[in-house]
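One chain, chain A, appears in both complexes that follow, with chain B as partner in the first and chain C in the second.
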Partner chain A sequence: MTAFYVMIIASLLIALGFLAAFMWSVKKGHYDDDYTPAVRILLDDHEILTTKTIKQKSDQKTL
Partner chain B sequence: MNAEKLRTEKEVQTKHTCYHCGEDCLDEIIVQDNHEFCCDGCSVVYDLLKENDLCRYYSIDGAQGISPDKAYFKGKYDYLDLPEISEKMLEFTDGRLSRVNWQIPKMHCSSCIWLLEQLYRINPAIRSSVVNFPEKKVRITFEAGEIDLSELAGLITRLGYEPYISLNDVEGKQIKKWNRTRLYKIGIAGFAFGNIMMLSFPEYFHLGNSSSDQNLRTMFGILNFALSLPVFFYCASDFFKSAWSALRGKYLNIDAPIALALLCVFLTSIYQIVSETGPGYFDSLAGAVFFMLVGRYFQDKTYAGISFERDYKSYFPVAVSVFNKGIETRKPITDLSPRDQIVVRNEELIPADSVLLSSRAMIDYSFVSGESEPVERNVGDTIYAGGKQTGPAIELEVLREVSQSYLTQLWNHDTFSKEKEDQNHTLAARINKYFSVIVLIIAAITFLVWFIILKNPETAFRAFTTCLLVACPCALLLSSTFTNGNLLGLFGKHRFYPKNAHTIERLAHIDTVVFDKTGTITQANEADVEFIGRELSDEELVMIKTIAMQSSHPLSRMIVKSLNGVSASRRSLGQYAESGGAGIKALWGKKEVKLGSAKWVGEKLAENIQNDASHVYISIEDNICGYFTIKSKYRPELEKTIKSLQNNGYQTYLLSGDKPTDKALLKPIFGHDYNLFFNQKPEEKLHFIENLQSKLGRNVLMVGDGLNDAGALRQSDVGIAISDDINNFSPSCDAIVEGSQLALLPAYMKLARSGQQIIKVSFGISLFYNIAGLTFAVSGNLSPVIAAILMPVSSVTIVAFTTLASNLAARKWIKK
Partner chain C sequence: MSNVPHPGIASVELDEFQYDNRIVRNFAIATILFGLIGMLVGLLAAFQLVFPDLNMDIPYLTFSRIRPLHTNAVIFAFVGNGFFTGLYYSAPRVLRTPMWSPVLSRFHFWAWQFIILAAAITLPMGLTTSKEYAELEWPIDIAIAVVWVSALINLIMTTINRRTEHIYAAVWFYLASFVTVALLHVVNSVALPISLFKSYSVYAGVQDALVQWWYGHNAVAFFLTTPYLGLMYYFLPKAANRPIYSYRLSIVHFWALIFLYIWAGPHHLLYTALPEWAQTLGTVFSVMLIAPSWGGMINGLMTLRGAWDKVREDIVLKFFVVAITAYGMATFEGPMLSFKNVNAIAHYTDWIVAHVHVGALGWNGFLTFGLLYWLFPRLYNRPLYSQKAATFHFWIGTLGILFYTIPMYWAGWVQSSMWKEFTQEGLLKYPNFLETVTQLAPLYFLRSVGGTLYIIGFVVMIYNLWMTALTGKLVASETAKAMPLNAIWHAPKNEYWHRRLFERKPLALTIFALVAVAIGGMVEMIPTFMIKSNVPTIASVKPYTPLELQGRDIYVREGCYVCHTQMIRPFRSEIERYGEYSKSGEFIYDHPHQWGSKRTGPDLHRVGGKYPDSWHYNHMEDPVTMSPGSIMPRYPWLLEDDLDTTTTGAKIRAMQTLGVPYAKDYDKLANADLHRQSKEIQARLKQSGIKASENKEIIALIAYLQRMGTDIKAEK
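Here is the complex of A and B:
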């Protein structure tokens, strides 16, 4: 019988964890814009390395 | 012989399209790096991108570039660096890093998103930039000391993406930020609903009745109670607050019976747990709250990038150029005081009532008063705020502060403080009132019967509270919220954006439609141009186009546009002169060419010249070749739309601020001319609608676009603003429609009416569930399982029905 008590409490706690995660993501603004992130992942990130970008990167590293 | 025929006789030339913006290269073709560009602006942006290795821009979506704003000049954004302005502009700053959130109306595709997020590659002082596409905003984080706001604004303007900064960003009410609380409440309610149902499952199957399970039953009961606490006190708080404030105002609104039902269910359930007489109805409670919150979320959808609450402050710029002891600086317009000397350039707005110091100005008041042609003003004339200067820069001396101008007085009219919405008059609210009263009576009778006649007090209480639970008008509420919510989405797909569900209901009761003319039923920037006279040679066409290009008068611009097959010459013209209201003249080599009114070229007007168009005469060396007729172009589907409205029983009117030049043209479209009114001032438009409403008792729909329609839009039962660019300013209204979709207006109204019928039918369905549940409740037999089943089943049925029915109705009425 005690097994039931433990199991129920445990499952409720896990569910609470998910709820907390949901609230946290709303707070962080994940639900403010549900369109742009979808477009963003389709634009990939190759950078054509030219002397200018290499110089920029090394400048940023030394800053 | 008209220009069109001449054009087709020319040889067909190969098409040159600009590599940057995709438009045809008409007048000049700039070649660079084996690519062709249509103008300097586009090739400069290309250079900028190439220099920073950003040419990937062109491979994402093709030639989606934008030619940068030609009105930009160095120093335009200097006012942003003024401390009082930058303070309001910056979202965040800590001395090292600053963040600003600007609206970029020109953003329109994935290339734009990509480029705007690569800004850090152009200027290393920019740390990052994140685009929010539905809102058309970009959030830029930059190093505070390394780059000024004005430089930042200049950078994105030179790429073609100028920020839209208006007086509203600096003062005036900020547009409400999207509310996250709703989502928190939905999350908690959903969590509680699911878990309570899970814990109630044994009860549904009548398990756990043996004594050994008693402890478990108690524990489940306590857990259910604990889970329902946040639902009752936090998630449902809006219903209670609304019902309470209505109660204090001594009337019952739609939330009152819901609040009462929730309260009864909560108390009954607590009683059952405590006295161990039952498991309580917490699952129905949480379920009801969850479904209603979800419904409200869909119904109150606001469109992220559109605002219905804009007032004149969104139309005005933040700063204007001021001359102070010979030096030109930018000053916020709210700091303008009388006797300041300001400079207003071409296409810039005049921010305050002032006196003209320059010799001549051509002011375009079309957005403010509806007059389509610019008016000429001379030195010493008073010029009112709100007009745009067309032509060279002018100097003015300020007469009154911005807040004292004529335009502001217009906005202070009473109409703007009245509230149009009354939640208590929606269809749902009215049916609710009857329904609630009937249910209360049934519940009271049940209670009395059980208590007095059948002498069973316990069953009496149970029957009473379960009656109220079943009769919870949640199903009724869901009918209207989901129907309207779905309709909002369907309208949005066809680029018609009503402000909220209440607007759709008011739309269904309209019986009269009033149109504005300029910009609403006419297409701004387009015209029908025809040349009547002798045949013009190629050289003559080039001559006319080159000279007309020097003038910024709208008629000249229309002529230039109509001659788009002709390339203008770069030749410099001698003795170019423009005389406002009359015409322009210049020397082409040795020949004097004049374009203008009949008097200007020396033509004696015959009696039978029609007065329904503007005529621009051409004379070369005093020989009159003929004239151009320029008629405003009406939206192509206008006649069909008006006829369709009239066939469906709507009365139609036209109220225009313009002169009655097109009266003869409009008469066949509207059917008669006693419904057409011209030269209407903004106040007259407002009063006209007021009269229709009070004296004739009509429900009026007004369709307009300019500031001169603002009062009328507010006064009418439903005010629709037409916009060809949704993100630009449109005056305060109840709905926004894209210009090209105006033809669907009759279909939208039919759909709104269908929506009302669908709501009524789904009320019927919910009534059926209510009666079924009531029979159980009245007999005291409503077990939690029945209640728990009825609740989601009825909700799902209603949601499914309303969604399907409204989608079908949309497909029926809106045939593309």
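Here is the complex of A and C:
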């Protein structure tokens, strides 16, 4: 029976931990730009990247 | 951390560096070579089930020894090298930096191939731990750990040295794969050696089964799935020239996947003697796993939104689409098989084999093929030699998958139904197990046809890629330029090396991933090991005698667990057929457990006392003499080879170290008991008209077989 109490408390702690991690990641801006990483890998063939070109490309939402 | 460039950015010099394609080409060649070998071994095994004479009375080619050779080759040599091919191409390019250490890269390549060679030699020799997908003995295990960790270090350092602030999704999957496989491998492989190539699992019975399938399922998860999801995240967008459908989805499904997957291990042990709470956890988490798995599939397929016409034209995309679809199918079927009622039908049958090969041939195989067809033109700076040949490969490969899996689904269903059927009077309709095997012969033949078709496609691919390489010119390295990360993201001046190493994203990401995957294992294993009530003690269960211990090691060496289980489930049909269902307390001295996962032959847990010694003697010499129509290979060398009794003392001492309660100093008396017991068996054989020498291996095996499952009868 003690196993129940241990497991329930542990599960709650783990779940709260994951929730905290998620909220931290949102606050830290992990989800702020979820577009450019996907696009950037398409651009690297034979191209020299500068901040200027990155900004130019991310402004064009359509490819 | 702000993305605002440092003032005066326009005057910053671009770094120039090289991407190494040689290592990619090397891994690609290894992938292709070992893929062919691994599949050919599989084809031999498939045909042996149809034509048992193909075992040829050669121990090194017998089905039970080459099946693990097939699984190890296709998983670690084919998919493993395939993963590394894609890794060494994609990781430097998305991180905009060459691999941190060319020396470690080359070490990784050569050491991995040597490990494969070691497997190819030791497994047919019977040098095996008998733990599925972890059969390699301890020296090779250590080598694997060394190579694996060194590759992980190389990847982490490369990620730390990157020139992009963001770490692309593919790399998370690579890192998680490395870190989790390291954990799984180390924990599952803990064993006590008694010689260079013989060791015993420190775990026993139920606990060993749990650790084994925590490992086994997560070998699927973190060796066959996450690395290839990483590859998908790079090569699919590249091939389609489309960004991934939803980057946000990739973040969410990554964490959900790696957290949930670990818990699914017990779905391999449903209705066994594993404690029920652990079984339930396995089921529940396996079902939840549909969501993040399909997240991966959706992200892949939806990337082709608006680009489906490309799939029609592009052979690479064709392979990728089938691969991702197969992934979706397998990751729906898996959770369905994790429901106890479905599992009760499918477990131990060819349905599971079908399920495995949907994933293996469809997801892993086809993604590898697509990757190679995309890669070789770029490595050799010329178009693919023959589009027609590649298209042929696609269609014959798809046909091969169908011819493989459909007969296996059929076989699984038929055999399971026959096992469970009762007559009106309440007796088994097919009391002879053999009847259920002979029914499957035509289906086993069709499966072999499927495998042949798949391999024909593979060979056509080899020709195509070979010609592409021959008529092209290797681009040994590619030059690239990018701004150093410090110019984009402001790092503190004179930063201490330990801050740079330990407090940056790659290490944090790796550690968080490790924490996420460690939770499931700990929750399932700690109570199983620490709470005694999980494995109720049975007073009448005693340790094996020395002769039985030797016999058990022969059972392990020959790979009997490949076709025979030792786990009777609590179903009426199984209790009727095999005897009382298996209790967890019966396995406490089994280092390692031999529960098995497939019944090509009958369960053996209560075979003890069922047949006279002479039956076993004749049966091992030639199964057909005792079971007409049997597809079991012959094991005549057991009747001729002497038992090596010089190891008896060491084995007893090893068991004592692992907690088996032999009397103190029993290792010195063990051989005397051994000879006494073997003479008794010799005498019984003589009574049946068999003149056998008491020091042959068959005597030990008979002793073990006759002991199996008899301990609890003594209680009554």
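Just so it is clear, the second predicted complex is superposed on the first by the 40 of 63 C-alpha atoms of A that agree within 3 Å, B and C clash if a C-alpha of one lies under 4 Å from a C-alpha of the other, contacts with A are read in each partner's own complex, and residues count from 1 in each chain.
Definition applied: a residue touches a chain if its C-beta (ideal position, glycine included) is under 8 Å from a C-beta of that chain, and two chains touch if they have at least 3 such contacts.
On a predicted model such as this, the values are computed, not experimentally measured, just so you know.
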item: Chain B versus chain C as contact partner of A:Met1, first or second or both or neither; value: first
item: Winner by number of chain A residues touched, once chain B and chain C are compared; value: B
item: Touched partner set for A:His30, first chain B, second chain C, both or neither; value: second
item: Touching partner for A:Leu12 - first (chain B), second (chain C), both, neither; value: first
item: Chain B versus chain C as contact partner of A:Leu42, first or second or both or neither; value: both
item: Those residues of chain A which chain B touches in one complex and chain C touches in the other; value: 18, 31, 33, 35-36, 39-40, 42, 48, 50
item: Residue ranges of chain C in contact with chain A within the complex; value: 5, 9, 14, 93-94, 96, 164, 166, 168-169, 234, 237-238, 241-244, 246-248, 251, 259, 480-483, 488, 512, 519, 523, 527, 531
item: Residues of chain B touching chain A in the complex; value: 52-53, 56, 60, 110, 113-114, 117, 121, 124, 131-135, 178, 180, 183-184, 187-188, 191, 194-195, 199, 212, 215-216, 219-220, 223, 304
item: Parts of chain A lying in touch with chain C, wherever the complex brings them together; value: 3, 7, 10, 14, 18, 21, 30-31, 33-42, 44, 48-51, 63
item: Touching residues (chain side chain A, partner chain B) in the complex; value: 1, 4-5, 8, 12, 15-16, 18-19, 22-23, 26-27, 31-33, 35-36, 39-40, 42-43, 46-48, 50, 52-53, 56, 59-60
